[in-house]
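Lettered A, B, C and D in written order, each chain numbered from 1.
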Amino acid sequence: MKLHEYQSKKLFQQQGIKVPEGGVADTPAAARAVAEDLFGKGASRVAVKAQVHAGGRGKGGGIKLASSPEEAELFTEGMLGTSLVTPQTGPEGVQVRSVLIEAGADIATELYLGVTLDRSNQCAVVIASSEGGMAIEEVAAEKPEAILRELVDPGWGLQGFQARRLAYGLGLTGVPQRGAAKVILQLAQLFQDLDSSLVEINPLIITADDEVVALDAKINIDDNCLFRRPDLVELRDLSEEDVLEVEASEHNLTYNALDGTIGCMVNGAGLAMATMDEILLAGGSPANFLDVGGSASAETVANAFRILMKAPDLQAVLINICGGIVRGDRVAKGIIEALDQVEVNVPVVVRLQGTNAEEGRRLLAESSLEFTLAETLNEAASKAVEMSQ
Amino acid sequence: MKLHEYQSKKLFQQQGIKVPEGGVADTPAAARAVAEDLFGKGASRVAVKAQVHAGGRGKGGGIKLASSPEEAELFTEGMLGTSLVTPQTGPEGVQVRSVLIEAGADIATELYLGVTLDRSNQCAVVIASSEGGMAIEEVAAEKPEAILRELVDPGWGLQGFQARRLAYGLGLTGVPQRGAAKVILQLAQLFQDLDSSLVEINPLIITADDEVVALDAKINIDDNCLFRRPDLVELRDLSEEDVLEVEASEHNLTYNALDGTIGCMVNGAGLAMATMDEILLAGGSPANFLDVGGSASAETVANAFRILMKAPDLQAVLINICGGIVRGDRVAKGIIEALDQVEVNVPVVVRLQGTNAEEGRRLLAESSLEFTLAETLNEAASKAVEMSQ
Amino acid sequence: MSIMVDGESRIVVQGITGSEGSFHTSQCIEYGTQVVAGVTPGKGGMLFEEKVPVFNTVSEAVEKEGADVAMIFVPPAFAADAVKEAADAGVRLAVCITEGIPALDMVEVVAYCKSRGTRLLGPNCPGVISPGKAKVGIMPGFVHQEGSIGVISRSGTLTYEAVDQLTRLGLGQTTSIGIGGDPIPGTSFVDCLEMFAEDPDTKGVVLIGEIGGTAEEEAAAVIADDYPLPVVSFIAGSTAPPGKRMGHAGAIIAGGKGTAAEKMKALSEAGVTVVDSPSVIGQAMTEILSG
Amino acid sequence: MSIMVDGESRIVVQGITGSEGSFHTSQCIEYGTQVVAGVTPGKGGMLFEEKVPVFNTVSEAVEKEGADVAMIFVPPAFAADAVKEAADAGVRLAVCITEGIPALDMVEVVAYCKSRGTRLLGPNCPGVISPGKAKVGIMPGFVHQEGSIGVISRSGTLTYEAVDQLTRLGLGQTTSIGIGGDPIPGTSFVDCLEMFAEDPDTKGVVLIGEIGGTAEEEAAAVIADDYPLPVVSFIAGSTAPPGKRMGHAGAIIAGGKGTAAEKMKALSEAGVTVVDSPSVIGQAMTEILSG
């Protein structure tokens, strides 16, 4: 789950990390009011920043500097309601629904600071770089020696000396060094406290008067922790997410939209990916990734079917279930129930293997509905591709 | 540093541990008012509990059960201002300055629960026993199998399964088991959060309606953490402590009053104890333990001298300084300065060894003051004993 | 021979009275696995299926029934504690089936298990089966057959797929292991490769990877360094778009890293036979072993 | 020979620019100790006494000067972090002189050092000296003399007292170690006894204990188990009342446990020559070695 910049900055502030003064606005007039307040307090210019979940906003025109409240209003008007295309969105872009208006900062130094999971070392890692403002992947590719890393020991957490070591490593001394070391500890704590998968400040700036300020803010939350974090669930902006993905997640299904023609319903993420791969090999194109999960009941499968049918350009459906923790009979019942309720105007290919598969196949065969049954994955993919053409 | 029961219970409550309803009072009228309120809320009797730092109050008459507000007032009157003698105080007892009035509880089961440092295993340990109400040392001596222990891993803290294991081990099931496991985790957290050296609930009771309640509460704070805990320093009740010990600690000196005649001023705790032991072997008796510490300046030593001179029954002073981190010249200056300001009417034996000792001895010899110098510890003790008789 | 579990393994099932726990425990028992105890706090004293004693704590199960392997079906909110309980009680292997455990919980759990000397398999995994000896997990036992192939996979159902093929081609398995689809697994490909290398009965290894992370690249490094057994590999997710989590918490192409193409390249260069369809895994292994 | 430190040891001093740190660093250098670096965050780049380079971090001191032993004079509020920094930077021995570190900080620090394979000596200790080779601590060097006695003590000044006696009687020391007066010391009597047992030059051990805890009883158990060297011991605090902390955070008789009498009994029963006055420690050792 991703948070907006303005949400992330509020969490930063609660942790004691300094951010520019500002406010969020969802109308040009509101943006102007925030800007007037900031200019009144002495700002010489303000930043107008589109609040969308995609990164790389600057390159897409989603960040603009305004020299007056009027200009801030104008920029806001130009952003709100439009589709913002950035290197991280598709060509269709994402809709801008609100902007953050912030006092401009007097930047002396731009740094990068992030905390994420280090999968190889199986712990959190703090990443810092003197190359602030650039995407960290680019820095990693072009100037790897500019990237500093400190592993966070799972038992002990990030230590003071590690924060100091990073701050000195960034070439800082004196007041900025101490300020940066403090922010590093605060950010690592925030990462832990929020059950994050990523917290990032890019750029973290040192101002002309030695203050350390988070000019940008990015927080991703581990979806697996949301069951214990109702406070974070409230920050979820569903309008930023694909409607079908949201609907799927409400039914504990994992769905990702793709642009092909063959709808897939598979149990298990690995098998789902392999099924997509197999469709491609057979000359077709998958319309989606859909994992009915490890403990799918008849109801879950029915819900999965409903979501699947809503995909555009659908020409065939391939159901591939290999029973383990999922039982074939449940799946079969779900399919039959769903086809009772959902109108299906494309051919359905079903492959059922594993636990209780025989019982499931029997149920499908005994039903009055029409399926194409397949034995192997290969055969199932070929049949679906054939039927989709 | 020790906390009073009522202070500890407030901290318990903040952690979510249930304690009996009640209030603290320092006059009989106030006690009656608290009792009236409790009876008004349905209590059938109230406990009047003397608030002193010594344990074993019950045996000394420091805990009484009153059946009416009038009786609570009467009991309070009988306690306030008197000296309470318990198995843990000297024969002179401790003065009662306030009482805690609490609603009586309906006890089904009495347990013991404590968290302290396990020096051998170098971590915190949770101790639980089904023998509530008894001193845990007695249980350890008489019925060691009734004592359950769970070590707290320094990196991970007390785990949920450990709390469950203890609660089941106490013979609990159902609602009381879950309640006790929760209190165990809360108490371990409190121990950690408060930088405690001991937190203890004795007895922890299960009420007739399955509630888990801390009937008593004891918290000791690690003195070494007070520099970072101004909130806890505020809870310190200096009236419970020896005035000279308090004065000494204000000067960063460690002082313990004893009942002998020879005042000791030594640097280093081990040497101070050994000096006391040596005085005993030489036929004398030490008036105190006084460690001037590891970084004593001239000022510190002068302060030490002032405190030393206030002890009753003082017949001689033995100064034993073996220089390491303490420098002999500083000590000598401190002695000379102090003797300029403090009236000394007993003989002073000085032994100075180690770092800058020669310089120190020279300073003492060149001063106009009168000292008996000694070469060895043995000689110093003998001379002091001789002069004190 | 086999690795991780065999006929001597004594299993304690944590969460034995839950819906999934009880179903799969029955299946394991039916397969012939020695399930010696169950644990559900508060249900100590009952008997599962009138024969398996249930305890309140894992310690009791270890002390009284000599359990040395834990199989964990506890829900995500309590799973981290359950795994640590198993490790603290001294089981040598903890198999955590549970899906959806927060990643930071797993960071702690993995380190905790290491500190206690317990091997953790999973979480979010199908478990481990040594065909004909013991099944500690949720895989369908009947597709497996005793033999000489070691199988390691980040996937569940895709593994059953591969095993089914192997069995149909007459290639039985020494042990088949699902290491799980989470970003912080207790046991890695590398761990399993090393165990198979020391198992005299294992003649070849099937490694089924997927997008995300660098576990396959780390496996490739070990294989490149004179690995004694032939390895056939399939990597799922060639069609997966970047930045999207493909079901498994660990299956995500992040910052341009973790693509199927990279992984296949690393494995190929290490001498692995990389196939582009899961349908031909068995066939590829047959060719290698007969060639 | 000696244990813990010798002429090859390369010392980094943390807190080298503070008042105590600079005084005692000078004393150590004067004694002949190889002090190769200092660390004070923010003072990196300066030179201590115009010759010892000061760094901002211990890592730098280890990388650039090959430091393998840290001596720590950092105030209590920052000491735990300083010890962990030393351990993380890879020194093999960290000697923490600082007094007044919270006990729960030390619980964490001791476990941290173990996890990093670093031996911690102290805190609240005088350090360690191998006479004629290296002094890493605050003890007065001149009372020591090279020889064949190992000294271990929870005290500082009382140790100098004992060493002074030994030296005057012609009994030099291989190494003298103050393990410190805190309840959670990094190095125990038992650790030191084991190191001395493996040092071919150590012919006898002086063990100076005090009230509180069970470190002396644990030492007695090791000695009773065929310890190869004669041990003379004095326990301070026979006159200490129960329940009072006698200066050292660890010197307290709690719940009737930790008395001098108990400790002396345990040591005597283990075959240790226990003396009742510190004044006769040297004499007792002389008699044993000559008898």
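Simple rule for what comes next: a residue touches a chain if its C-beta (ideal position, glycine included) is under 8 Å from a C-beta of that chain, and two chains touch if they have at least 3 such contacts.
Nothing here was measured: the structure is a model prediction, and the numbers come from that model.
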item: Chain labels contacting chain A and also chain B; value: C, D
item: Centre distance in Å when chain A and chain D are each reduced to the mean of their C-alpha atoms; value: 54
item: Centroid spacing, where centroids are CA-atom means, of chain B and chain D in whole angstrom; value: 28
item: Mean-CA-position distance for chain D and chain C (Å); value: 49
item: Multi-partner residues of chain B (each touching 2 or more other chains); value: 153-156
item: Residues within chain D bordering two or more other chains; value: 108, 111-112, 115
item: Contact graph of the chains (line, ring, star, complete, other); value: other
item: Chains grouped in pairs wherever the two touch, ordered by label; value: A-B, A-C, A-D, B-C, B-D
item: Interfacial residue positions of chain B with respect to chain A in the complex; value: 154-156
item: Residues on chain D engaged by chain B in the complex (per definition of touch); value: 20, 24, 27, 76-77, 97, 99-104, 107-108, 110-112, 115, 126, 138-140, 143, 153-161, 164, 181, 183-184, 208, 210-211, 213-215, 218, 234, 236-241, 243-251, 255-257, 276-279
item: Chain D-facing residues of chain A, complex; value: 153, 155-156, 159-162, 164-165, 168, 173-174, 177-178
item: Complex contact set, residues of chain B against chain D; value: 88, 117, 119-120, 122-124, 136-137, 140, 153-155, 192, 195, 197, 222-225, 227-228, 254, 256, 258, 266-274, 276-281, 286, 289, 291, 293-295, 321-326, 353-355, 376-378
item: Residues on chain C engaged by chain B in the complex (per definition of touch); value: 41-42, 44, 56-59, 78, 81-82, 84-85, 88, 108, 111-112, 115
